[in-house]
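Paired with subunit B in one complex and with subunit C in the other, subunit A is shared by the two complexes that follow.
Moving on to the complex of A and B:
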């Protein structure tokens, strides 16, 4: 029998953590080929036309990985159509004639189920080893998020173009190789220090924009046409709150988390909107009160939880004259329209601040 | 000698240019069809502008470009400022209507709304990827009904009982329209129904959730259609201002932005004499196959766009050097 090669969907740079997880479980990872237009083309070709676009990207990753020799796919799910991704994708891939094993890591959020799923990925692995593998992968994800967060806030103000990217590129390479918890922690610390040492041309009170919406288009720059970077380039400090590790924490503590969010989203939302919808409202409301200059709300075309959130956000925006940029993504790859909208949005925020200070 | 600022707005349908003097005076303006050839249109518009500016004491010291061909033309003209049309329209309109609170804009391919308070844009929205309710929809329906699009508004005004037409989607609207014509509605009522459909579509999509307050200024090619203007007045319950020079607002705005940038450079109308050539290529550097577009001036690489990374532009530069 040929070797078991374990693959997973791409999302931002999280492949570094996923790869570590598989390795530490004692299995052999196969990182799907880098996301390109081809990924989306094959994914969309074999997807239902009206499914949300993350499904198409995931399927494209799987097809490209299977073509490269993968035999096991790790997939997750969530509180919307995302909950059906694994089953539907498995059926589509089987119809296409692929042979593989599909492991849905979030079919239920119980510890026992998690362990059973990991044992399917790496047969014979001990529970202790699973715990360690998960912990180190989780730590790497945390490190990625810490660096990412810093870059989002400062890259728009760097004095030397490309300085952040250079440091981050090296960080990714070293993070991939890091084996021990201590190495990850040191690397994170050192990288943050290097970033902090970069000269910035940053005003005392920069424009601040929060980015909220559906998790996948938030976290995959290829899918959102690098909207965070485009905003930053117009002199904006970008804040984002949805991250993979937060989603995992919220998945484990689902009920108290939803209760807390509903508290923060009061008086706008009384019932949970599903997936990240309630959070989009809660964060918008909170950041508006904190004096942010605006929000960007991202969603795949037809995303139900975020469509529900949108009408609330429109009301907050209207009643408090708080700018919200709404962006819907599908399988289109032309960036021109999005660039125009982002530039206009950033201009408007800058003019608002100017108007306020000169008035 | 006064300083002047050249603003050029190159839309998908029409190209507009103005020269604004330092004191805000518009000393030259021109308007013509783009006809799918932005560089050619700009050369023509510049020769008109040059003629008008020749008799004045104004000298162009900075150039701004806006509209969908702003990057291409920005490179061709060596513009100091290249900005999106939303910002340009807001600035241009504010210069003539300082108290404006809402701007409606319906152009050939897109439509937008800008909400302003105390002379500052505070919110905007643009139509999504669909041309329903824009100028191109109107002109295709006019053609179907055999009416020149310029007369569309007059037909609508003659109607006393506008028929209902679904405006949500161009395809639905078209089948509605054909159906109503076949069962015998008067052409005036159908045209008036279409004007209502456009306005409903606009208010329910682009204008959804926005606070629409007067003074309202309506711009873009469709604002020349009195039927649509009347429908806007009726459905918003407010007066709607259509400016005589509404079509020039984007060009005026970008000229003013060029002025306030403080950047100046040498501009020579002789730029018309150069041979500009645009090329499109697929990069081929990776599976993204970015479509790279670049422009040559007298055979030399000037600028390029469309690549996700630096590779595509470098390849274009090399390719044009070896030509």
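Moving on to the complex of A and C:
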């Protein structure tokens, strides 16, 4: 029998954590090829026409990974139709003639099923080893997020172009190789120190924009056409709050989390809107009150929870003259269009600030 | 007090429950007219562009009730049973309406089995908050629930009698779609009507035995979590051997339906299927042409099958 090669969908740079997880479970990972236009083309070709774009990207990742020899696919569920992806994707891939095993993680939020799913990825693995594998992968995800957060806030102001990317590139290589918790912690600390030492041309009060919306397009720069970076390049300090580890924490503590969000989204939302919808409203309202200059709201075309949130965000934006850039992504979204809209948005924010200070 | 009920979304499923309850509580109910062009146009204008067609229809109906009643009834429904969900638009409906038409007075009740919020308690609490005595509200619920149940049993019985009856010789078609689409004057009614004009016998997914359909749907697709999509999927399995073809009526851009239609196309074989995707721009001529050719195909298949049988 050929070797079991375990693959997973891409999402930002989280592949480093996913790869570690599979390795630590004692299985052999196969990182899907980097996202390209081909990924989306092949994914979209075999997907239902108006399923949301994350489905198409995931399917593209799976096809490319299966073509590269993968035999086990780990897919994760979510709060919305995402949770139903795995079953339909499996049917599509089987009809295409692929042979593989599909493990649908987090189809429910129960520890028992979670462990059973991991045992399907790596048969015979002990529960203790699962716990350790999960913990180190989780720690790596945390490190990725800490660095990412710092870069988002400062990369738009670097004095030497490319300085942040150089440090981050090395960080990713070393994080991939890091074996122990201690090493990850040290690496994170050192990288943060290196980033802090970079010279910046940053005004005392830079433009600040929060990015909210649907989790996948938020966290996959290829799918959102690097919107965070584009914003930063126009001299914006970018803030984002949705991360993979937060999603996991919120998934485990779902009820108190939703209750807290509804408190923050008051008086705009009385009931939970589903998936990340309530969070989009809560964060927009909160950041507006904190004096942010604007928000960017991202979603796949037709993403219902975020469409629900939009009706609220549009009202907040209207009644408080607070700029919100709404961006919808589908398989046809063009890079140029996004660039132009961001440029116009950033210019508008800058002019608003000028108008305020000169008045 | 006059309570307005928009003739949209779950009204088409629960109008008996809701009107009985509200009237037994002593309110006057006002129902918006069947969807017309004007209602749809207003809904399209009010809604976020990317909203699905049924949500646009809802907003149009709600606006049409403004000024005709003292409050509009917009329930919020997340899950009727644990671990099973409705489409998120039912979770968001109340807040969407509240933020889209801010000055309108709304009444609502919440159903969320995952958090132990059940229909009975919520509806009674809603009535209590409007000044209805507890005893009256409790009695109203009992009567409303019984009336709704009787209504559903009757629908399923009617449907079964159709399915059991010998075929009238011509083609029989199962139309699969959400009740709020099939029952809508502007969305589903023209399709059902036109199929009948073409001489086809029409069976719809809406009048199936719901509990049985959900169980059947769940066994066809174990991770399907949307209650109404389970019913639709189940109806396909329950009726597939009794009909000549299946028409899916999907409104743009419904994610659950698009995933479900995909799964059906892959798992249910041996029966012709077609999917009609409708949006507010859909022209009737295009839809009619497609229905005509679909019915032609089914007739031709029947004729050939018949020839084969005779020839053998």
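By our rule, the second predicted complex is superposed on the first by the 358 of 359 C-alpha atoms of A that agree within 3 Å, B and C clash if a C-alpha of one lies under 4 Å from a C-alpha of the other, contacts with A are read in each partner's own complex, and residues count from 1 in each chain.
FYI, a residue touches a chain if its C-beta (ideal position, glycine included) is under 8 Å from a C-beta of that chain, and two chains touch if they have at least 3 such contacts.
Bear in mind that the values here come from a model prediction, so they are computed numbers and not experimental data.
In the superposed model, A:337 makes contact with subunit B only, not with subunit C. In the superposition on chain A, A:255 makes contact with subunit C only, while subunit B stays out of contact range.
In the superposition on chain A, contact is made by A:323 with subunit B only, not with subunit C.
In the superposition on chain A, the chain among subunit B and subunit C reaching more residues of subunit A is C. Once chain A of one complex is fitted onto chain A of the other, the partner contacts of A:352 are limited to subunit B, with no touch recorded for subunit C. Of the two partner chains placed by superposition, only subunit C is touched by A:92; subunit B is not. Legend: residue contacts after superposition of the two complexes on their common chain; A:270 is shown touching subunit C, with no touch to subunit B.
In the superposition on chain A, A:304 makes contact with subunit C only, while subunit B stays out of contact range. By the document's definition of touching, of the two partners only subunit C reaches A:52; subunit B does not.
Within the superposed three-chain model, A:37 lies in touch with subunit B and out of touch with subunit C [touch as defined at top]. Of the residues of subunit A, those at positions 311, 314-315, 328 touch subunit B in one of the two structures and subunit C in the other.
Of all the residues in subunit B, the ones that touch subunit A in their complex are 68, 83-87, 90, 117-126, 128-129, 208-211, 286-289. Across the interface of their complex, subunit A is touched by residues 47-48, 50-52, 76, 78, 83, 87-89, 91-92, 94-96, 98-100, 102, 110, 115, 221-226, 252-256, 258-259, 261-263, 266-267, 277 of subunit C. In the complex of the two chains, the subunit A residues touching subunit C come out as 47-52, 80-81, 83-88, 91-92, 95, 104, 107-108, 255, 268-275, 277, 301-305, 307-308, 310-312, 314-315, 328. Those residues of subunit A lying in contact with subunit B across their complex are 33-34, 36-39, 311, 314-315, 317-318, 321, 323, 326, 328, 332, 336-337, 340-341, 343-345, 347-348, 351-352, 354-356, 359.
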